[in-house]
Structure formats: C-alpha cells, structure tokens
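We just call them A, B, C and D in the order they show up, numbering each chain from 1.
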Amino acid sequence: VNTNGNRRVGVWVIGARGSIGAAAAASHWLIERGGTPMTGLVTESLPFRGVDLLQWNGLLFGGCDVVDTPLIDKIRAHIDEGILPRSFPVDAKVLRAIDSRITNLAGAGGGSATPAMTALAAVRQAIRSFREDNGLERVIVVNCSSTLAQSAEERSISKSPSWPRMLARLPRLRSIPWGIVYAAAALEEQCAFINFTPNSGTDLPALADLARRQGMPHAGRDGKTGETLVKSVLAPLFSARAMHVLAWQGYNMLGNGDGHALSDPGARALKIKSKDQQLRAILGQNGDLHTQVSIDYVPSLGDWKTAWDFIHFEGFLGVRMAMQFTWQGCDTVLATPLILDLVRLVELAWRRGESGELRHLCSFFKSPIGCEEHDFRKQLDHLYNHLGAPHSSTM
Amino acid sequence: VNTNGNRRVGVWVIGARGSIGAAAAASHWLIERGGTPMTGLVTESLPFRGVDLLQWNGLLFGGCDVVDTPLIDKIRAHIDEGILPRSFPVDAKVLRAIDSRITNLAGAGGGSATPAMTALAAVRQAIRSFREDNGLERVIVVNCSSTLAQSAEERSISKSPSWPRMLARLPRLRSIPWGIVYAAAALEEQCAFINFTPNSGTDLPALADLARRQGMPHAGRDGKTGETLVKSVLAPLFSARAMHVLAWQGYNMLGNGDGHALSDPGARALKIKSKDQQLRAILGQNGDLHTQVSIDYVPSLGDWKTAWDFIHFEGFLGVRMAMQFTWQGCDTVLATPLILDLVRLVELAWRRGESGELRHLCSFFKSPIGCEEHDFRKQLDHLYNHLGAPHSSTM
Amino acid sequence: VNTNGNRRVGVWVIGARGSIGAAAAASHWLIERGGTPMTGLVTESLPFRGVDLLQWNGLLFGGCDVVDTPLIDKIRAHIDEGILPRSFPVDAKVLRAIDSRITNLAGAGGGSATPAMTALAAVRQAIRSFREDNGLERVIVVNCSSTLAQSAEERSISKSPSWPRMLARLPRLRSIPWGIVYAAAALEEQCAFINFTPNSGTDLPALADLARRQGMPHAGRDGKTGETLVKSVLAPLFSARAMHVLAWQGYNMLGNGDGHALSDPGARALKIKSKDQQLRAILGQNGDLHTQVSIDYVPSLGDWKTAWDFIHFEGFLGVRMAMQFTWQGCDTVLATPLILDLVRLVELAWRRGESGELRHLCSFFKSPIGCEEHDFRKQLDHLYNHLGAPHSSTM
Amino acid sequence: VNTNGNRRVGVWVIGARGSIGAAAAASHWLIERGGTPMTGLVTESLPFRGVDLLQWNGLLFGGCDVVDTPLIDKIRAHIDEGILPRSFPVDAKVLRAIDSRITNLAGAGGGSATPAMTALAAVRQAIRSFREDNGLERVIVVNCSSTLAQSAEERSISKSPSWPRMLARLPRLRSIPWGIVYAAAALEEQCAFINFTPNSGTDLPALADLARRQGMPHAGRDGKTGETLVKSVLAPLFSARAMHVLAWQGYNMLGNGDGHALSDPGARALKIKSKDQQLRAILGQNGDLHTQVSIDYVPSLGDWKTAWDFIHFEGFLGVRMAMQFTWQGCDTVLATPLILDLVRLVELAWRRGESGELRHLCSFFKSPIGCEEHDFRKQLDHLYNHLGAPHSSTM
C-alpha cells in the first residue's frame, strides 16, 4: 500500500504562466481527475510499476512569474495552437485557484541599492508564503523560465568556490543574476530544486555547496526533449559500429518565447553550448569531429520546433556515407510530462533521504549535473538501476 | 600472449564472387598486411581490447559461387563505384590465389533425379576439399548469397521437426532449397555457420537440431547494416519516453544485385518480413501500430542504398508529432566489416566450446536466431557481457 | 460593370458529402459572406484582376452522394482535424439548406436488369430536379467522388468510338461504370462537366463525342494538388539545365477516404498512372528514365498527405547528384479552392461560348484532357494567354 | 553554314587555377576533342539548335591566379574527389599549354603607393599579353575568383556615379578592391566581362558607365547553380497557386575553398544577400515573409554542397502546411558548364553588336544585373525570346 496519499507536496514553478508552466499545472489537474491516457509520462510506463512514487493527488501547483496573464488565457491559446488537444477541459475555477498561488515577481529588486539581495529575499518570501498558506510539508522548486544571457558580473560571481563567498559578493552586483537567485532562494528555504533551463542554476560550485549544507536534492540542467534527445541515441550507434563521424551539423528553428529569447546572441550561445557537448562525449572523438549547432527564430512555427540534422561519417576503409533527420515536435508537449516525472522522481529521492545532485536523473537533461554520461540508454540504465526498476531484456 | 597465431581457420563464403564476398576476402588481405585504419571493424574497437580474438593472419578465405568472374574484375568495379577507395591496392597475385579457392557450383544438382541430394553432396565435397587442400583446422561457412524466394515445397519441408525427418524428405523435392542445403552441408562437414542472408538457414527446427547433433555453433539471420540498424536505436527512444508510435513507414531504394533479386516479389516478402518484426518487439505495441516497409529497385543507385523513414507519434495528451530520416549508405561497405567481425567472434565461441545458436551475436542481425531482443543497445549489452568486455559508463 | 450578378449558376457536386465536396460548399458560403482572406484561390490572385469572372454570390451548391451524413457533422470533423480552421463559423441553417439539395443516389440502378441505364436515368433526374427546383440557368457538374477501380467491362466499353455506340452497349453491362454514367448524365442534361478524379470521365472518345454533340465545355482529369504539382515545376528545371535524370522515385502516404480507396490495387494503378506520365513528357527522356510512384495508406495521417521524392541525376561529364523533398500538405485544403476556381473558369468559358475540352485549364490537372503539356509554367502561360490576363515579367 | 570557325576568341579566367577555372579549361579541351556527352551544357540542348553559336574550337583558355599550382595537380585532385569522372583523360601536354597562359598576379600592387592603380595596370598588361601572344581577335574575361569581403573604402568608392569619378578616387585607396579592378581592367582593354562571383563587378554605376563608354557587353552577378536555382522554380509555384509563404529558411553547408572564404563574416554577408533577395521579388510579399539563409563551412563535404530548405506556407482559409528539400550537388560540376555556356552566349551577343548589361542572361545569375526578374521560367523566356530559340509547348 502506498502510504503517501495524504501528503501535500508543493510544486513551485518559476515561469508558472509560461508555456510549460501553465501546461504542467493544468494537465496535472486533468491527470489527477483521471481518465486521460498516460502517454508521454515516463513514470507511468512499464519500468516504473512497483516503484513507490507519489500519487498525483499528492501535488499542489503554484509558482511565480513576471507577467499577470490569467492561466485560462494561456490554456486557451495552447488549445488554439494545438499544444493542448481540442478536447482539453478548461475549468475556470480550477485555473483561478492556481492563478491565486502564483506570485508576480516583476518588481523584485527594482530600484534597490542591492538588487540581488532584495530579489533573493523576495523569492524566499514568496516560496515561504506558498508553503505556509497551503500547509505544505515539502516544496519542490522547478525553474521553467526563459533562457537568459549571462552578464559579465554573473559569469564572474559564478566562479565563487563556496556559497558564503558567493553570498558575500551578491550585494555588490548591479543586475540580478536570476538563475542564481532562484536556485539559492529555493535551497535556503529547504526546497528541492529542478533546473529545466540552460541557465546555470545549481550547476555551480557555490550552489552545489549550498545544497550540501542544506541537505537538499537537486537536478538539472536543460531538459532534453527533442533534437538533442535523438542525438543521444543515434550517436552511440556510430560509436558501437566503430564508424568515424566527420561532421554532425544541426539546424534548429523555433518560434515560441524560448525562440524569441534565443534571438539574443548571449542566450543562444548558452543553449548551443548545452546542445553541443554531448557529441564529443559520446563519440569519444577529439579534434577531428566537426560539429555546429544553429538556432533560428521562425515566428510562424510557434511552439512547433523543427530541426534538421546532417551526419557525415566514414565507414570501412574510409568510405563516406551520410544520414539526415528532420524532427518536428512540439516543445511544450515534450517538456511538460518530464516536469511532472521529475517532480515525482525528486520527491521520491528526497523522501528516501537522498541529497545533492541526483545523477540518476541524467537522462532528463542536456547537461546533466555531475555526470559525464550522454548516451541515453546508459543514462536510462542509471535511472532503472537506482530505482531497482526492472529493465532487463527477455533474452 | 595470444597463442592462436599459427592456427589456420578457413572462411568459406557462399557467394564468394559477390559484392560482399569479394570485398571481404580482398580487404582481409589488406588488413592482414597492416597499415589500414580499422574504421568500421567492431572487433577492433575499444570494448574488445583484451578479448582473445583470432589474429587476422589466422584466416584463409575461399568459398563457392555460381559465376566465374575473376575477383580482380569485381574489385576494380568496386573501386570504380566508390565501394572500395581509389587507393585500394589491387594485387593480381593475391586475388588469383583466392580465385583458385572458389568452387563454381553452378551445375550442382542440375538434371539429377534427386537434385537436392546431389547439391548437398556437391557442397559438402567443395567444403571438404577446401579444408584438406589448405590444411585447415577449422572452417567457418558464411552465407552471403542473394535473397531467394521460397518455393512451396521449401516452405513445407522447413516445418520438419528434426534433421532426420527433413533429410528423409529432401530426395523428393523437385527444386533445390539452397538456403537449407548450404546450412546442412556446413553442419554435416563439422563447420560453424553464419547466415548473413534473409534466407532461413539454420533458423529452422531441423537445422537447429542438426547443429546440436554436430555440436556446431551457428549465428544468423540477415545482417543488420542500415535502415533497420537505425530503427533499432530510434524505436527504444519512443518506448523509453512513453510515446505512442502511430505509424512507422520505411521506403528503401537500392540498385545492386540484392536489389535486383528483390524485384522478385517472393524474395522481397522475405526481406520485408525480416525488417518488419523488430518494431513491434521493441515498441511493445500491439494492433495499433501501423508499419509498412517498401523496397524498390533503382538501378542508378547501385550499391548506395537510400532509405527514407517516417515516424508519426503521439506524445503527452495525444498531441501528434513526426520524425523522418534519410539514410544514404553503401551496403557492401557496411556489411563487409561485419562479416570479418562475425568470423572472429564465431571462431572465439567455437574455440571456447560454445555451440548451438550464438545468441550473444544478436546485434549483428535483423532476425537474430533464438533471441527476441531487437533493441540494439540491449543487444550490445548481451555481447559485451558474454565476452566480459568492459562497457560500463563513467558515472 | 460586371453584368452577371443576377445569374444563378448551380454547382452539382458528385460526392457532395465527401471531404472536398463538403468543404467546397461550406467555404463558398463563407467567401460569399465576405471577410475571409482569399489565400489559395487562384482566380482571386493578381493575374485575374479585370477578368470578367462570375461573382461568388452567383453560385448555388447542391449535388449527390451515396451516404446521408449531415454536412454539419463533416464540417465539425474537418475543424477537429485541422482541415478547416478553428475559427470557421458553423451555421446549422446554411448547412441544412445545402443538405436539402443533395440527392442520395445509393440505390440508383440497384437490382435493375439494366443497372447502367437505370443509374443514368436517376442521375439525370437528380440534376434536372436540382436545376428546376432552384430556378437555375446553368448547372456545372463537378465529379469529386472517390477513385474507383475499372472493371473489365468498363475498360471494354471505354473504347467505344462514339456516344451512340457506347450508349448501345450500356444496357448489357452487369455493373455500373459510375465514372462514365456521371459524365454522360451531365452532358445529356446540357451541363458543363469538371472531372477532378482519376476516373476516365470525359477523357474517352465516346464522351468527348457526346460533349461535342451537346456543345458543352468540359475539363479534367485528376486535380493536381500536391506532389505532382511540385514535380511539374521541378522537372523542367533539370530539362532547362540539360541535366539527365536517372531516377525519380515518389513515395506517398495518406490516410483519408481517398487513401482507403487506393488500398484497392485497381484504383491505385489508375492513380499511379495519372501521376507517372508527366515526368517522361516534361523531361523528354525515353527508356533511360527510371521512375516509380508508390502510395501507402497510413490511417493516422488522415487528410494530411505526406510525400517523399528522390531525384537522382547526372550533370556535366556524367557526375551524379541527388535531390529529395518532403511535401506535407492537406489534400482537402489544397483541392477545395481549385474546385471553386474551376467552376468560375468553366462558367466563364461557357458564357463566352467555348465548348469541348477546355485545354487552357490544363494547369489544374494531373492528366489534362487534350493536352500533352505537363510543365506547370507553360500550362499557366496557356491559361493567362487564353484569358488575356497580364503575366509578363517586369523586365 | 557557321562562318565563325576560324575566329580565335580568348577566355581569360580570373581564378584560372581554382576549382571552376581549372575544370572549365580542361573540360573545354575534352569537349573540343569530341566524344563526350553534352549533359549539363545548356547551349547544346534542344532550344539552341539553329542558334549561330561559336564552335568549341573557336575558344582558347588562359587567365590569372594568385597561386602557381600546376593544372595537372588540380585536375587529379578533382578526379580523386569525384568532381571529374575517373575516366577523365589527363593530358599533361595540354594542361601545361594552358598553364603557360595563366599569369600569376600575386604580387600585383604589393608595396606600391597607389596599390589599386598598380594592380589595375598589371591586370590590363596581363590581358593584353594574352591577346597579343595568342593572336586573338577578342577576349572575354570571366571572374571565377573567391567571394571577398568588401572593405569600407571599397563600399564608399562603389557609390561613384561615373567611371571618371571612380578612377579619380582609386589612387587614394589603401587596399586593392579586386572586384572593381578586374572588371575595370577587362573593360578598359575592350574585353567583354562575365562576373560569376557575388563580388560587385560591373554591378556598379561607375562600371556600367565604363562598359557603355567602351561599348562592351557584360553579364553577372553570382552564378545560380544549386539551392537558389531550385528556389527560383519552387517559389513561383506558391505564387501561382495564391499560397502565402510564412517562412522560407535555407541552411547551406559546403567545404570547398568558397566555403572557407565564406567563413569570413563579410564575405558571407555578401553571399547571403545575393541568395536572399529573390524570394521577395518572386513572391511579391512584403513584411510578412520571414526568410533567413545560413551558410556553414563543413570541411568533409569538400565541393559537395548540401543544402536544406524549409518552407512554411498557408493555403486556403489559412491552413498551414510545409515542404522541405535537400539538395546534394557538386558546386564545380554545376558551375563549370555554365561558364562555357556564358562564354558562347556573350560571344554571340558581342558578335551581334549588343553591348551593356546582357539582361537576357539573367537565368544564369543569382543577382542578375539590370533585371528584377527572379522566376527561372520567365528568365528562360527572356533568353529564348532574345535568341529567337523555339520554346513553345506542343499545345
């Protein structure tokens, strides 16, 4: 018997009115209500039968954002764009209830002499209110905000070797390093932290240090949902067959808010770096692999990301061959169930007393913290082994 | 120290003058001579370091065919078509030596009252001569012949539950069931048998029975080289992420001898079946998966097979997405190193006293004998585990 | 001043409850009401400014079908499948009015000793009623029914050199050759005829003869909407640059009613023939062009046809290159505006006193009647020249 | 009777040792010798029968370069890379003869106080010597050099409204504006000029002015060989069917010298501009067309350019559809015959007394000088009409 039915675990989403945040909260309610197929939910698939995961009704969604758009507008737009199916039930009362749990942080830190410290305090306060107002035992903070370019002072502070050292430098910053502030606020408030964005989050020495001090579990970085996911199963094929990859070029188009954010060259550089490193890790090739990733903003595509990859490789005796693929996926549809899965898996780890970087969740991320493994199948093995899930083949 | 340097193991290739047969024998000589990169050779890659595989100079190539084209002509044609690199050294003396070890079996069984029995005797005699003339300790027979349509009487005799029952029925056949005859001749002559073709070979109760009686190892069926290989890494991705595949359509074009053979609807049906079964096995979906494989003969492509696959799938909440890929590979370039790898791996198994179906070689085949596993990564795990090869990730 | 505002021209659609028939009638009403963009309507584009085309409110839709599904159900299904936009206004009253003008012909000819004659009489009667009941001056009959396989007796009767000879043989047929019956009924009733299907329609000597006798204009055969359309602009490129096409392979997938009908090998053969002939005509190559067209039924795609084409060609000094394209279009969305365009263009021709095969409409069809031209741009030149439409470039 | 058999027309290629320059000179000799198929040569195709074009033996090749690599090395490399067929006859004597007619201009202008003037004089001298040494009646100069970034001072001087004004400013430049110098030298020496590069060449007011003063014909700019060529036949399709293109994205990869030159952002900008303008011109859409062209340098592809284009478009009632294509062509193989065609067509125009910009050659160029027409078929109509070539269809 699963004994966790009565627990109330909060999910505090940063970017709760964004594309993924809105879809996650609304679809969680639909799943909890029952009757919807579990397609796309990893934790509802065969290998997780028998794992003591939290039931869906144990979760409560809230969060923060910098806009005030009511969730009902976002959900209706999602239905119009085919991100949610036409049959998706829009329940105004349910959505208003979630709305009431989302804090607007647009003004946090503004005009202050020490903006970073003011912002940190504001985020901490918002999390605390969410927990107290809703009588929650535990809160998991999930960063689903846009990709942000790093300022020079953020890059500099990121090198701080410990949390005290970083904290000492924060008051002197002129701008707010949001990626750091969100993670720090969560950890200081004794919350687990999931970083679904390419922003550094807990993937910094000082924040890893803070997580250790607080005994909190954390996971990240940058959800692996589409083109990169495909690469992480295809690249091992070339390696296993001893073929030599000459060039792997990826061209990505997207038209959603994330795409717009990536129009900023700084943000794009961060994203591309996140997508790029895995190939070298999997292929084990050094200087002779030529690989480039391009991202273009194409408004008409909206959330329907389209990516084209070209792989040029050498086989036996150096003969050259090629493969290409086109991926046409909806980013929000691919990301949303992973948020729900990650919340359950982090909750389980926390309940089991695990803390620090949850390396067994590496299959969910483009840049898994604390893990050099990028081969998707080996990443899955880590997950299944960690959970004691059955995954052996029938042979 | 590897102690097998002096052994002489024969490789008797059925279809020795064919595209793969010719490339295998000629490139084996090039590898033995040294100085060529090992790209494409699985047994030369990292996980096989330390495995006691036969050295390349332990092998001697021969075989049979139904044509007399000198190998030098085939090799030159391969170079002209880009199947072998322009720098490939054509050594007339070496090729003539291999030529002299290839028996022409065109007339075997012709005009005879019991053609199957006559053919069986002819093949056995040819193998025996190869072994005796060259003072070989062991011979591995590799079927690299064309895909053949099955006659009704071949389909009928294939159901024989044991070798004695099949043998009793063979004299009554009007035509020669070559796929059976080759495998039976090899096993009767105490040879190991590798079936790289879609023909049934040892994947029949009666021949499995014969292999058991003779204590011989065998492996097969239908080399996994291109589109099917890609499918066997991509399909598990959809399964692992709990996505529902609605349709997976494959369209293949090829222009080589194999393509010409597949113009025959019977042969094509056999090939398509071999390519088709894996998806259902990997995805674990039943009636609701729509999948079709088409093969067209396009002469101008020659050995450069081009395949296009389209995958239509449902993600979270039933939203539909798509992926497509184009594979442009050279069949002979992809297949040839696998022949060399399989010979070494079968030799090792035989030397270690293993017999019967070598299930750990399943990653090499589209329809692995005695193995329901089609997920390439899990197939590789079987191989690495069996050999005690290191393959764990760095985490 | 356009003087045709008061005329009432009927459009009698065969397959009026089918995918295209329903969309054409409903969207005609939307266009007539005004306020919708004219995207996709050729006759509303720049080259047709100043051409004396019938205004949209001059048309009245009716037709026949063999099912009774109310149009409102079909329109709602279209909206659900994304064939009509979510914003499409569903006006029950308007749709019921069209419903009332659609005759169910399911029973026509059934059980009769001379089924073809009984069916012919029934269709004629239905057209007559449509004209008289609605006080129409003229009726244009448009065949939008499914592709049908030809029976042996239909193939035989199709060779009749004149209408009297064909008519004399009709009573002896056991089955109803619907493609012939529809065209004959329209012409006998002094209606113009448009054949949007691959069925023969007026593309037979006897029906061309009947059209001449009746002085009626007709156009057809098989609407050119997607992959074939693209081929008819791409193929001339290779020809103009003196490149030699070695192979042009087309693989089509569709999941709509048409796709289901094409599961019948006879129907598919007709369709493939219609798609196939153009390449040889445009490229002017003879025996050395290898071209195949495949069509597979993939239910999940619905009306969203997906086609992949591969073109293998030789350039200067015989060097080989390749091009491939993927077309992802919605058949109904592509076909519906062409129906509306064709009705207006046939009405104009009729009003101008033109009769017989309307060759200047060849750009709309895969197998244009009476016209060997398949190059889309040259086909457009015929159209523009015929209408006196301006189309010269700015040079 | 063609009366031009005895004339000697010189072809002076800038970049004569480059990929296209070397292939053009060597293949001209092969064609002159006879026996090779005329695939890829536009002027040898059907519409040009009866046009009084110069015979191949009327041409003599020479030119200039900045390197000394013997042609025989370049031709052998071309054969190794599959740019020229393996059967291409390498005649050392013939190639050495061409070598002797290629001037090395590496040092021209170097160290001089007025480098541009010194370079201009050096190029003029080299052309003069070529004409005089070989007793040529006329010389056609063809620019096949690499794409160069424009310096600020080159951009500034490019605005000069007349040749005297530009000439007056040339001595003050610090660097050599090669694109201008080559064109000016050719025109001053009474040579016709063909600009196959994206560099400005005669597409400037001052050089058009010079051409007028000298009465010389000229043509250009940027040979249309691959992806852009395909776009110029596909885009008119969307326009003719009144479809609305939302986005047209092009991703190009190439690995040859041109690709390396395009690693320079300035050079790439010039190339992309040249590729970009045509879509707006053909589609007649204004602000609402989203189009981007990317170019990446992928060394392993060499001369085998691979481009992927994605077209997102709206059809009837605003329903969105998509098309994508992959072009895999060899740049040199595509460009070389066009050089030979252009030389013949410019020679004919010159012989007929035509001068100034040869607008009827617009189909050969991405940015045709003096012509707003980008629709390939309409461009061909200009060519055929100008030459009086038969091109009407059979209708």
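Descriptive notes on the structure:
Keep this in mind: a contact is a pair of C-beta atoms (placed from the backbone, for glycine too) under 8 Å apart; a residue touches a chain by one contact, two chains touch by 3 or more.
Remember, it's a predicted structure, so these values are computed and weren't measured experimentally.
Minimum number of contact steps separating chain A from chain D: 1.
In terms of C-beta pairs in contact, B-C outnumbers the other of B-C and A-C.
In the contact between chain A and chain B, the residue numbers used by both copies make up over half of all numbers at that interface. Per-chain CA centroids place chain A at a distance of 43 Å from chain B.
Taking each chain's centre as the mean of its C-alpha atoms, chain A lies 50 Å from chain C. With touch defined as above, residues shared between interfaces to two or more other chains in chain D number as follows: 82, 322, 324, 326.
If touching chains are joined by edges, the resulting network of the protein chains shown connects every chain directly with every other. Per the touch definition, chain D reaches chain A in the complex via residues 246-247, 249, 251, 253, 290, 292, 294, 296, 298-301, 306, 308, 310, 312, 320, 322, 324, 326. In the complex of the two chains, the chain B residues touching chain D come out as 80, 82, 86, 326.
Chain A meets chain B in the complex at residues 27, 30, 36-42, 44-46, 82-85, 88, 229-230, 233-234, 236-237, 239-244, 284, 314-319, 321-330, 333-334, 336-337, 359, 362-363, 371-373, 375-378, 380-382, 393-395.
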